[in-house]
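Below: a set of structures, written as structure tokens.
Shared chain: subunit A. Partners: subunit B in the first complex, subunit C in the second.
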Partner chain A sequence: MLAYLLRRVLYTLPIMAGVALVCFALVHLAPGDPLVAILPPDASEDLQNQLRTLYGFDRSLPEQFVSWVWRALQGDLGTSIASNRPVTTEVMTAVVNTLRLAVVATLIGFFFGCLFGFVAGYFRNSWVDRGASLLSVLGVSVPHYWLGMVLVIIFAAQLNWLPATGAGPGGSGDWVWNWEHVKHMLLPAITMSVIPMGIVARTVRALVAEILAQEFVVGLRAKGLTHFGVFRHVVKNAAPTALAVMGLQLGYLLGGSILIETVFAWPGTGFLLNSAIFQRDLPLLQGTILVLAMFFVVLNVVVDIVQSLLDPRIARS
Partner chain B sequence: MSAVITPAAPAAVPAARSRGYWASVGVRVMRDPVFWVAASVVLALLAMAVFGPWIAPADPQASSMLSRLKPIGTEGHPLGTDELGRDLLSRLIVGARLSLFMGITPVILAFVIGSAIGILAGYAGGFVNTSIMRTIDVFYAFPSVLLAIALSGALGAGIGNALLSLTIVFIPPIARVAESVTTQVRNRDYVEAARASGAGAFTIVRVHVLGNVLGPIFVYATSLIAVSMILASGLSFLGLGVKPPEPEWGLMLNTLRTAIYVQPWVAALPGVMIFITSIAFNLLSDSLRAAMDNK
Partner chain C sequence: MKRNPTPRPVHARRAAAGLVFGLATLAAALAVPAHAQEKVLRIAMTAADIPRTLGQPDQGFEGNRFTGIPMYDALTHWDLSKADAPSVLIPGLALSWAVDAKDKTKWVFRLRPGVKFHDGSDFNADAVVWNVRKVLDKDAVHFDASQVGVTASRMPTLRSARKIDNLTVELTTSEPDSFLPINLTNLFMASPAHWQKKFDAAPGATPADKAKAAWTAFAADASGTGPFRMARFVPRERLEVVANKAYWDPKRTPKIDRVVMLPMPEANARTAALLSGQVDWIEAPAPDAMGAIQSRGHKIYFNQQPHVWPWQLSFAEGSPWLDKRVRHAANLCVDRLGLMKLLGGMMSPPKGTVPPGHPWWGNPKFDIRYDVAAAQKLMQEAGHSAAKPLKVKVQISASGSGQMQPLPMNEFVQQSLKQCYFDVQFDVIEWNTLFTNWRRGAKDPTANGANAINVSFSAMDPFFAMVRFVSTKTFPPVSNNWGYFGNAEIDKLIADARTSFDDKARDAALARLHARIVEEAPFIWIAHDVGPRAMTSRVEGVVQPRSWFIDIATMSMK
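Coming up: the complex of A and B.
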């Protein structure tokens, strides 16, 4: 078991190095001079060279990569070209906002996904199953940014119940768990929860159907166990996989929140990424993507480890 | 007790040739009503993409400042008009071409490139396999939406860049499926037999590997089309894909976003088209997969 855990953690090191390389390459993939965004068109040759040295663009690529990684390891992701603030500060504020939204959305999605999945798996091929399966197909098919727009149209523009955009009176920095803030979170969180809901429902349905078909369930029933007793066993067997799917979905939401955050003007990483792209703020773009991708890699490891602790068969295979 | 066991007499007339695997998959698919519904929707969308300019009742680019943002049901504009007074019905119909092109092309490209990479890795095995698959793992470490937006954000807006970044996003998952199926097929007895009878690597891949591998990859790839449609329109929605004034559903949704307080239901229409397309492709691939699983 320990060997498996160690192997799993060590295996992520080359992946992390690769991820860093891809993030670094992004900036150099970009056409044009990265300094164009901040330089006035009539900038003197001297000023251009000064800035190039300041941002390190005058050195060779391997040299730049090594020093970028070295500084990133110490928590320094450079300076945003547009705002002139440290990238690390900007990204961390945004990550906290995105994480808050994504965790709430994942929990909502997980709860309803499990509910639909269990019901559908228990009553296979009944109308409940068809309804739940239809809902999960709709959940994975809906363009979530459009769903966000529709929710804004219904609940903000027409009914005027909930605010359409923003993160509440605290802005991007000060979040408090009160209604004034939470009401700003409801629409984006519901929008975001639809994707994990569909995927969790599909997975749980298949899991429950598979478990119910196994012999031990027949044995439990023959033993005279009540419906609830059997249900407990099904939950216990389905939990590791369902939790793993939930963990991965959290990661996908963190990375995929950009479209929803744009619709709701939620001050998270997606919003930051969007402005970094349109202001051609390459250090900020690079830093945000690096942090999100690293988070995703770490989350993957954590999910694998938790899953193997819950279900030791995985580590042995 | 007779010592001679007479073998069962061979049937005088050879029985009708049993159906091959793909024929039976086809028969099962044809019996599935969901398949018929999904396939008809997809065909209708494809017809719109091909014949759009001839079906559309009005010129999708003709703007009129006098009839901006008319509601659904306006005379002459059954689905209303957009923020520049262009007929929305016509734009939705003509927009099918670019929207489907943007959604389907990356999957086709990734299908070709990803299958080639995966089959190479799976067939070669050893060091080649390790180095290819570990590189693929790095791209797997990015959530797909993030990778698509990061790539096209770095490359800049435009149809070509959006197609390129979506293709890069879909190569790793397809290559993974191709690699795992090829590895299974490679160790089968018939491949061994072909090698023993002197077939070269190229012949084995062409006859034995491709024939068995392309089917599963194809079905997997169809399930990616729905994702690709949503992502491609999403890129245009962010302003990273198609540029105005081309009619494309994601871009239309983006430009109509400002109108949600004026004509909310007109503004939501382009998203309905994306939704319908993605449901149809999801159902189509579900029904294909169900027919193939049922051995």
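Coming up: the complex of A and C.
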């Protein structure tokens, strides 16, 4: 088991290096001037050159990359060109905000996804199955930003039950888990949970159907187990895969949804990325992508480890 | 059968009534939200982040509007008190100014006495010199490269400042430049004493590191001389400013206690925030929600802005726009009223870069109007017809700051020009890339064969409104004369304007320049933005001037 853990962690090192390279290259390959956020187009050529030197954009790309990676290894992702604030602080604040939203969305998605999936799988080809499957297909198919706007129109603009935007009455800085704050989270979290709910439901339904067709289930029934007893075994067997799928979904959600966070002005990583892209703030863009990619890599490792704990055959293989 | 209730003694009824009244009063007191006790104005901006708060805002003029003008003052101000006249220059922290009679590169500014920064320190000549050096003197400890771009480019000829006495300062320009007082509206005065405190407390191994940290700390706890002072700052989420009751101008001493500014880049999100009562004011509401907004009793404010939404034409060799008849024909063939209808009325049809009545108007001989017959005649004279249309290619963006709704608007113009024998193709590129290409010019490969470009611009001051587009000294990459338009006559008119130091003479020279620009038509003038914003009826005293800016200090809340 320890060897498996070590191997799994070692595999992540080249992945992380590759991620850093791709992230840097992609951001720098895009056309446009990296100083566009602070340099109006009417700036003189001298001024442009002066600022290019001050921000280090006059150096070669390999030089810039090495310097960026070296500082990143020490926890310094540079300074945002647009805001002049440290990128690390900007990204971590946004990550915390996205994490709150993503965890709540994941819980909603996982709960309803599993519920619909297990019910649909257990009662295959019944109207319950068709109803649950319809909901899961809708979850995967409906554009979430559209759903977000519809929810805002209904619950904020028309009914005035919930706030339309923001992360609390005073912003996310003084977040506490009370109704005043949580009500700001409900609409974005529900919107965000719809896709993972659909994916989990479909995966779990297929898993349950497959498990129910296996011989050990017949054996369990032959032993006289009740429906609930059999169901418990089915859940236990389906859990590792469902968890893996949910882990990946959490990874996606941690990346923040640019569209959802922009629609709800939720100050997470998606909102930050949107701002960095539109302001062409390269250090912020690079830093955010790198941190999110690293989260994803780490999350995959964690999911693999948890899976192997739930099912030791994975580690042995 | 109903039973008659047993009558209770009078004192018991009084006690019960008193209890009910007391509870009701208590409940009412508890139910009144904090923002009803103090007058709070909540604004949803279009920016995705709070514009920088350290004195030189980013995010274009929205930055100046929300974190510049409310918190800071400049030596000169725009008059934002009138909706029915052009916004003109007025004294700000400078009471008066004059160019040196012998050396026209030197200006003397007399400063307003008794002005204090929010931290209590005095505003004086030292503060002006310090604020000039923050962006122009690389050797100054407090020099901040991040503020240079948005400042130095807006006052391109300013070189240095020198204290004459405590309330008099001398500014030096690189060449005689009568536009300097206008440019100085962009140089906001931050408190040197407050910055020094931040510097002394800042971490850092070198003075440069400490200075950088000091500016970051200053941005989070700023100090200017403006009618509002900073109270709370949550990066990317909210800025709260409170009334500066000791403001030097009694007419602009705020009646609103607190202003909360929220970045909300998505138009539908802003609209929903207004409709749900989360904010009191939204910038640029979603165009198709105007009806819904008004039906809820909210007000839409708009006015003609010094903003131009044009096609800037190429005069490079081989350009189809080299023929003046073609340029005039295109200007006559755009159905601007139809376009206005498409935008729900949220634009103003232009007659040039500035509108009639503006001090720089100048009565051009070419009248920009919708006259298809005249346009067709000009095109036929130039050798074009329905069977032999003129192919033109325009580089446009799908979005962008100040670009209004570029795709539907450009497609409308494309259809409009078709009737005058123009075959318009578009090269649609990302906004920042278009913005960068704008600087590279029509001869650069990035133009991708385009002979016109659609980048909107501000026409607040003469350099940005006119000079940069028509001077032979501003050909790419120096500035934004993307199309290489210019000649000796225009250069002479620019020089006349720049060296006319009497305001009326300067405006007259600029009017001559504007008239010639319109007559030569290096642009197809398509629209002026009207800067729509929606507010609840609780906001009173709103004056939307003919400006990119608006004065929050003179507003009040019901």
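Everything below uses one rule, namely that the second predicted complex is superposed on the first by the 302 of 317 C-alpha atoms of A that agree within 3 Å, B and C clash if a C-alpha of one lies under 4 Å from a C-alpha of the other, contacts with A are read in each partner's own complex, and residues count from 1 in each chain.
Assume a residue touches a chain if its C-beta (ideal position, glycine included) is under 8 Å from a C-beta of that chain, and two chains touch if they have at least 3 such contacts.
Nothing here was measured: the structure is a model prediction, and the numbers come from that model.
*Asks:* By the touch definition at the top of the document, which applies to A:Thr262: first (subunit B), second (subunit C), both, or neither?
*Replies:* A:Thr262: touches subunit B and subunit C.
*Asks:* One more residue to check, A:Val22. First (subunit B), second (subunit C), both or neither?
*Replies:* Touch partner of A:Val22: subunit B, not subunit C.
*Asks:* Is A:Val152 in contact with subunit B, with subunit C, with both, or with neither (first, second, both, neither)?
*Replies:* both
*Asks:* With both complexes overlaid on chain A, does A:Gln64 touch subunit B (first), subunit C (second), both or neither?
*Replies:* neither
*Asks:* A:Asn274 contacts which: subunit B (first), subunit C (second), both, neither?
*Replies:* both
*Asks:* Should A:Leu254 be classified as contacting the first partner (subunit B), the second (subunit C), both, or neither?
*Replies:* First partner only.
*Asks:* With the two complexes superposed on chain A, say which partner A:Val142 touches: subunit B (first), subunit C (second), both, or neither.
*Replies:* A:Val142: touches subunit B, not subunit C.
*Asks:* Which of the two partners, first being subunit B and second being subunit C, lies in contact with A:Asn84: first, second, both, or neither?
*Replies:* Second partner only, subunit C.
*Asks:* Please work out whether A:Asn300 is in contact with subunit B alone, subunit C alone, both, or neither, and reply first, second, both or neither.
*Replies:* After superposition on chain A, A:Asn300 lies in contact with subunit B alone.
*Asks:* Determine where on subunit A the residues touched by subunit B overlap those touched by subunit C, and list them.
*Replies:* 31, 149, 152-153, 157, 262-263, 274, 278
*Asks:* Any idea which subunit A residues touch subunit B in the complex?
*Replies:* 14-16, 18-19, 21-23, 26-27, 29-31, 137-138, 140-147, 149-150, 152-153, 157-158, 251-252, 254-256, 258-259, 262-263, 273-274, 276-278, 282, 285, 289, 292-293, 296-297, 300
*Asks:* Where on subunit C is subunit A touching in the complex?
*Replies:* 44, 48-49, 52, 54, 58, 145-146, 148-150, 152-154, 156, 212, 215-216, 219, 234-238, 262-266, 268-269, 271-273, 275-278, 430-433, 435-436, 438-439, 446, 455, 463-464, 468, 477-480
*Asks:* Can you list the subunit B residues touching subunit A in their complex?
*Replies:* 134-135, 137-139, 141-147, 149-151, 153-156, 226, 230, 233-234, 237-240, 253, 257, 260-261, 264-265, 267-268, 270-272, 274-275, 278-279, 282-283, 286
*Asks:* What part of subunit A is in contact with subunit C in the complex they form?
*Replies:* Touching subunit C: residues 31-33, 35-45, 47-48, 50-51, 54-55, 79, 81-86, 90, 93-94, 149, 152-153, 156-157, 160, 163-167, 170-173, 262-265, 267, 271-272, 274-275, 278-280 of subunit A.
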